[in-house]
Each structure stands twice: as C-alpha cells, then as structure tokens.
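For reference, the structures are reproduced in the following blocks.
Both complexes shown next keep chain A, but they swap its partner, so chain B is in the first and chain C is in the second.
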Partner chain A sequence: MIHDFGIVWSERGLLLSGLANTAILSAFSAIGALLLGAALAPALMARHRAVSWAARGFVDGMRCVPFLLFAYIVYYGFPSFGVRLDNWTTGLAALTLYNAAYMAEILRGAWIVQPREPLEAGVAFGFSGIGLFRRIILPPLLLAAGPVIGNQMIQIIKDSAFLTIIALPELTHAASSIQSRHYVPFAAFITAVFLYWGLCLIIEAGVNSIGRVAEARR
Partner chain B sequence: MTAATKVLDVAGVSKRFGSVEVLSDVSFQVDKSETVCVLGPSGSGKSTLLRCINWLEQPDAGQIYLNGSRVGINPGGAVMSDRDLSQIRTRIGMVFQHFALWPHLTVLQNLMEAPMQVQRRPKGEVRDEALALLAKVGLADKRDAFPARLSGGQKQRVGIARALAMRPDLLLFDEPTSALDPELVGEVLVVMRDLAREGMTMVIVTHEMGFAREAATRVLFLDRGRVVETAAPDKFFADPDTDRARQFLQRYAGEPAGGRR
Partner chain C sequence: MSGEDIAAMLQGAVVTVSLSLAGILIGLPIGLGLALIRWANIPVLAQFVTVYVSVLRATPLVTLLLLLFFALPNVGVPINPISAAILGLVMNTSAFNCEVWRSALMGFPKDQYEAAQSVGMRAGLRFRRIVLPQIIRVSLPGLVNEMSLLIKVTPVLAVVGVVDITRAAVRIGSDTYEPLPPMLFAVALYVPIVFALVSLQRLIERRQMAAEAAA
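After this line comes the complex of A and B, so read on.
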C-alpha cells in the first residue's frame, strides 16, 4: 500500500497540474456563473412576462439536465451547429452555463425574502436600472446568500470532475491516468479525493469570511 | 403666495388599486418652508399620496408639480423615462416608516451613496456634508456603524440625515415614528422640529397629534382618499369644520400630546 502511494508520489507533477487545472477551471466557472446568475436573477424577477419566462425556461432546463449529459451535448452537439470549441472552452462553457442557472435561482431565492423598503428607498433616491441593481439590490443578496453560493462553488469543483470525459486534463483525469498507467486505483483516487477536499476547505474559508462581513450587517 | 414660491403643487390626483379608489381628486399646495402634516385614519390614502408625489406610485389622474415642473410626465405627455424621473426624485427626499436604510453600507456610506452615485457630486464635499449632517442629528459617533447595530430612533435619525444629504427641495415623511418604541419617538421628533424651524419644506404623514399641532404650518385631513379639511393646526385641533375630523380627533383625545405611537 505504501508502495502504491510511492508510485502516486512519483507522478506528483501530473497530479499537481491536474489540481491546478481543476482550480483554474472551477475558479473561472464560479466567477462566470455568479456574474451570469446575477444577470439572470433580475430577468427571473422581471415584470415582463416574456423576459421572466425565457429566464425561467433556461434555469429550469439546466437544473433538470444531468451535468454529464450537458457536457456531452456541448462537446458533441455544438459542432453539429458549426460551433467548434476546444475541450477547455467546452468545459468552461458547460460548467459556467450549467451553474449560472443555480446561481440565478439562489440569488432569486435571497431576493424574494429581502425587505422591500431599502429597494424602494433606492428608487426614491434616484437609483434606477443597472445602478439600482448593482449598488442597492445585489450587495445584500450576496451577503445573505453567501453560504449557499459557497455551497454551489463546491458543487462546481465536483462537477468539474465530469469533464474528464472530454479529455480535459483536470484532477480526476490525472488520477485516472495514473491508475491506468500503474494500476494503483485506490492510492491514485484517494489522493485525488484529498486534493478535492483541500480545494473545498479553501472555499469554506472564503464563505466564513463573507459570513463575518454579513454578520456585522445583520 | 406667488406661484414662484410654491414648492409642491398637487392637482386633482386620483389613484385606484383594482376596484378600490385610494385617492380621489386630491389637490393641495405647499409653499416654501411650510410643514404640512397629513392626518387621517389608517387606510385613508395618506401613504399612497406621499408615494404619488415622487412617483413611487403612478397616479391614475391629476398632475404633480415640483417647483413648477411636472413630475412623471414629459412636456409631450408621455411617461418620463427612469432617467428623467431620477433627476426629479433626487430633489425630493423621503423618510420611510421602517427606515429603509441600506443594510450593507455603514451609516456614513448610507448618507454618501446617492449624492455620489446618483448626483455625481465630488466625494470630499459629500463626505464633509454627510459628517456635518450626522453631527446635526446627534450621531457623529455612529458613522462607521452598520444600520443593524442601531436603535430604531437612531436608524430614523440616519434616515432623515440621508434624505437631507441629497439637498432636497422637499422632504416627505411617511409615518416616521410609527415603527418606533414610544420612548424613542421623542428623539426623532426633536430633529423634525428643528428642520421645521430652519425652514425645510416638508410633507409629513403622521399620527403624532402633538407634533402636528406644534410644528405644522398647516394640517391636511384625509379620509377615504379625499381631502376633507385643510386648516391651520390651531384651528383644526380646537375647532374642526367637519364631523369626520371631530370624530377622528376624539379618538386621540385621551392620549397625551406626542405620546401616541
């Protein structure tokens, strides 16, 4: 057993580059999904029926598709429409779009329980449109939804493992390569699990610090 | 008074929610430096009237003029864009029943937010003015606190300072002491009295009969969406013209002046 971990250690370069790729992929997708979700949330809340239904359709659609299937669709389906993406772009787009739906729903959930008056005060004080959303509506939502957003970011990290199927050299892909090359499945995968766990701990630390910021304002 | 000194002119404003007529044909004017208290039973349309003045609610009929210019409707007759409406709203300060402070900003930031982001005034000037306003409402030491850490009375004083930071031509108060514990009402009324004395133009929806009697230049009595009576406070409280006003006042008679929540 120790010997197996020795083999994994000898392949640490591969694992670390997989870890780095997972971190990069997750970070960019998390930021992208949050931004896109923040843009979708007002659409979900829009008084215009057409706008809110379109946003609702996207959000519900995404949430009902298994991520693995969605990744396949983006990877194999888009080229048949003439959109050819490399596996990095595919992976990033799939993770971002998929999780944007969740982020939008998380923000909408926080939005509907916010008191109405601060928003109204924003309008009464001359805020409107994007300025109203960005300065008055969104900050309390982010503070209120911080822990749930953090949870979704952990989900993004875990979903990124599916991207091994489109040969994206992320952490699961690296662990899988090591096990098939040396036949040390337990050592390779358990090492990957601990590395994922480490990434999630970083997210949790971030959520805790947002929690402290929110607590002072509650 | 000449037309030039009219800050607010409300002419024939009506508003209905579904089948309920909340305001019908309400007209009144406010001169510069006046303190007009709007009184009336709950459900009489007082809050809706205030919200129509800055177009938080769109009136169904009638006109509203601020310093002679039409609120909400362009000269062409079309409803104003949010941008044009914003311009007018920055000249009308509003104080809310439940304070409506922005929870993610400190007290000082609450005061500086709209002057900087909406009015685009320079930060240094806005900050100096905001600090002076906080001192004026007695909260200089709370400038870095978040609203959640303040008492109700303190929150409302911040709410008033925030409205003043816009340098408004007109201040609207929507039951500013109704959500306060009785012992905190006084500190807010003190600030409002000072503003009245300094000649701020104000329209105040309130149930504080003592305050209205003492600080108002005029009282507007609203019942079922109509202006039933408008009079100087001495006249209104001592000898109202209508039975409805008399009945309304009788319900407050047993309570100490300024003591009703």
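After this line comes the complex of A and C, so read on.
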C-alpha cells in the first residue's frame, strides 16, 4: 500500500499539473460565471417581457439539463455549426455558461430580499452610478450571497471533474492516467479525492474570512 | 434517428430513473442516520461522520466512482458497474442529505422534546411521533432539491460503463455522425424529470408558507 503511494508520489508532477488545471479552470469559469450571472440577473428582473423571458428560458433550461450533457452538446454540437473549439476552450465555455445560470439565480435571490431603504438613502446623499453601486449596493449583496456563491464555486470544481470525459487534463484525468499506467487505483484516486477536499476547504475558509471581515467593518 | 435509436434512448431513460430512484431511496435513510449520529453527538462516530460528510461533499462523483470501481476489486471486493453506480450515488447523496436533515434537527424546538420527555415517552417513540414528522416537513424542500441534483449527476455513471440517457445519446451521435438530434432528444427526456421535481419543491414550499401564514 505504502509502495502504491510511493508510485503516486513519483508521478506528482502529473498530479500537480492536473490540480493546477482544475484550479485554473474553476477559477476562470467562476469569475466568468459570476460576471455573466451579474449581467443575467437584471435581465431576469427586466420589465421588458421579451428580455426577462429569454433570460428565464436560458436559466431554467440550464438548471434542468445535466452538466455533462451540456458539455457534450458544446463539444459535439458546436462543430456542426462550424465552430471548432479545443478541449480546453470547450470545457471552459461549458463550465462558464452552465454556472452563469446558477449565479444569476443566486444574485437575483439575494437582490430581491435586500431592503430598498439604504438605496434610497444613498441616492438622497448624492451617490449615483458606479459610486452608488460600489458603496451602497454591492457590499450587502455580496455579504448576503457570499456563502451561496462559495457553494456554487465548490460545485464548479466538482463539475470540472466531469470534463475528464472529454479528455481535458484536469485532476481526475491525471489520477486516471496514473492508475492506468501503474495500476495503483486506490492510491491514485484517494489522493485526488483529498486534493479536491483541500480545494473545497480553501474556498470554505475564504468565504468564512470574507464574511468575518465584512461583519467586522459593519 | 431511427425508431431503434429512440428505443435505445428510452431504455437509457429507464436506467437513469431507476438508478436515481435507488440512490434516493437508499440515500435518504442513511443520510438521516448520519445526521442523527452527529445530532446525538456520539463520541468518535460523530467526528467520523463530520469528516466523511465533508470529504464526500467535496468529492466529484466521477472521482468517487473511479475509486470504487477500480480500487474495490483491487482489495478483493468484486463489484459490477451497476452496484458501483448505486454505491457511488448513495455515498454522494447521503452526505448531502445528512446536512439537510441535520439543519432541520438543529432547528427543532427543544421545548417540544422536553415536553415529550415529561409525559414519559421513550426515546424511540419520542423520535417517531414528535421529532420525525416535523423534521420531514422542514427538510422536504431541501431533500427534493437534492434529488434533482442527483439526477443531474447520473450521466457521470457512464465512466463505469452504465448506459444512461446521455451515454445512449453520445453513442447514437457517434454512430450516425449527427450528434445534435439525439442530444436534443436527451434534453427533452431530462427536462420533464427535473422540472417535475423542481415544481414539486416549489409546491411544497408554497403550501408550507400558506400553512404558516394561516397559523
């Protein structure tokens, strides 16, 4: 058994590059999904019927389809329209688009329970535009949505593992190739499990510390 | 897509639904058991469950499945794809269910528990008559939400060779060189299943809100 872990250790370069790929992929798509979600959330609440219906259709559609199926549609389907993407771009695009729908729903949920008074007070004090958004709207919104966004980021990390099926060299894929090369399944996959756990613990700690900082400054 | 292809996809739908149901039905009571162990704070076991839940919630189902499917035979436990799939789904969903049950248990009013004690109910009866009916009601939306999440991770079962809706669609796509029709058909199969669960969740939440408003 110890010997098996020794083999995994000797292949640490592969495993670490897989971990790095998972982390980079998740980080980029988390940021992308958050930005896209922030653009979609107002669209969900738009007065314009066509806009809000289109946004609602996209969000509900994504929430009904399994991520892997969506990734396949992007991977196999886009080339039919003449758009040819490599595994990396496909994975990143699928992960970002899919999670943008969830982020939009999270942000909308946090927005509708926000009290209106601070906003009106902010306007009365002469805040407007970006200043109003940055100083008055954003801090309580992030505080309310923070933990849920953190959960979604953990979901993104876990979804990124699905992309092993389209041969994207992320952490699970690295563990898989170590296992097939040396036949050390337990050591290879349990190491991957603990690396995922570590990533998620880091995110949880990050969310908690942001919450604490925000609480202290209130 | 030929009629044969459609039959293959419907067969995939049967696999998806029955494996999900197996995962849900076995995962629900196990999740409750895990939550009770943490709630009762049984020494050693409670700590073990805490770590188990934390690790399982962070582990992607693909990784878990590969671990079960390749590592169990390695230590002398033979496992076929279907049992690996069910075991993986149960381990995954029970960890999430545990958290839903546990938050319901944490919010359970202590005075009711003490009232039940004071009229002389035994622990088993107390749990069955007083605690369980109420925590079921509180946890139901969360549990139904978890069920729709479970269905959405089932395509991953393809890594151990289970042919579900998604796998069937991909196969047909690579046979016919036209991947889009079977995949859109797959979407059309998933949407009603997940949508039914989401509507059920909304219905339960609305009825509970109405009941609370009436009370």
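By our rule, the second predicted complex is superposed on the first by the 192 of 218 C-alpha atoms of A that agree within 3 Å, B and C clash if a C-alpha of one lies under 4 Å from a C-alpha of the other, contacts with A are read in each partner's own complex, and residues count from 1 in each chain.
Operating definition for what follows: a contact is a pair of C-beta atoms (placed from the backbone, for glycine too) under 8 Å apart; a residue touches a chain by one contact, two chains touch by 3 or more.
Predicted, not measured: the structure shown is a model, and the values here were computed from it.
After overlaying the two complexes on the shared chain, residue contacts for A:L143 are found with chain B alone; chain C is out of touch. Applying the stated contact rule after C-alpha superposition, one finds that A:P118 touches chain B and leaves chain C untouched. Of the two partner chains placed around the shared chain by superposition, neither chain B nor chain C is touched by A:W53. By the document's definition of touching, neither partner reaches A:W9: not chain B, not chain C. When the two structures are aligned on the shared chain, A:G126 is found in touch with chain B, with no touch to chain C.
Touch criterion met: A:F162 reaches chain C, while chain B stays clear of it.
When the two complexes are superposed, the chain touching more residues of chain A, out of chain B and chain C, is C.
Overlaid on A, the two complexes show chain B and chain C touching no common residue of chain A.
Of all the residues in chain A, the ones that touch chain B in their complex are 115, 117-118, 120-129, 131, 135-136, 139-140, 143, 216-218. Considering their complex, residues 54, 56, 82-83, 85-87, 89-90, 92, 94, 96-104, 113-114, 117-119, 146-149, 162, 166 of chain B touch chain A.
Every residue of chain A that touches chain C in the complex is listed here, in rising order: 61, 63-69, 72-73, 76-77, 80, 154, 157-162, 164-165, 171-172, 175-176, 179, 185-186, 189-190, 192-194, 196-197, 199-201. By the touch criterion stated above, chain C contacts chain A in their complex at residues 54-55, 57-64, 66-67, 70-71, 74-75, 151-156, 158-159, 165-166, 169-170, 173, 178-180, 183, 186-187, 190-191, 194-195, 198.
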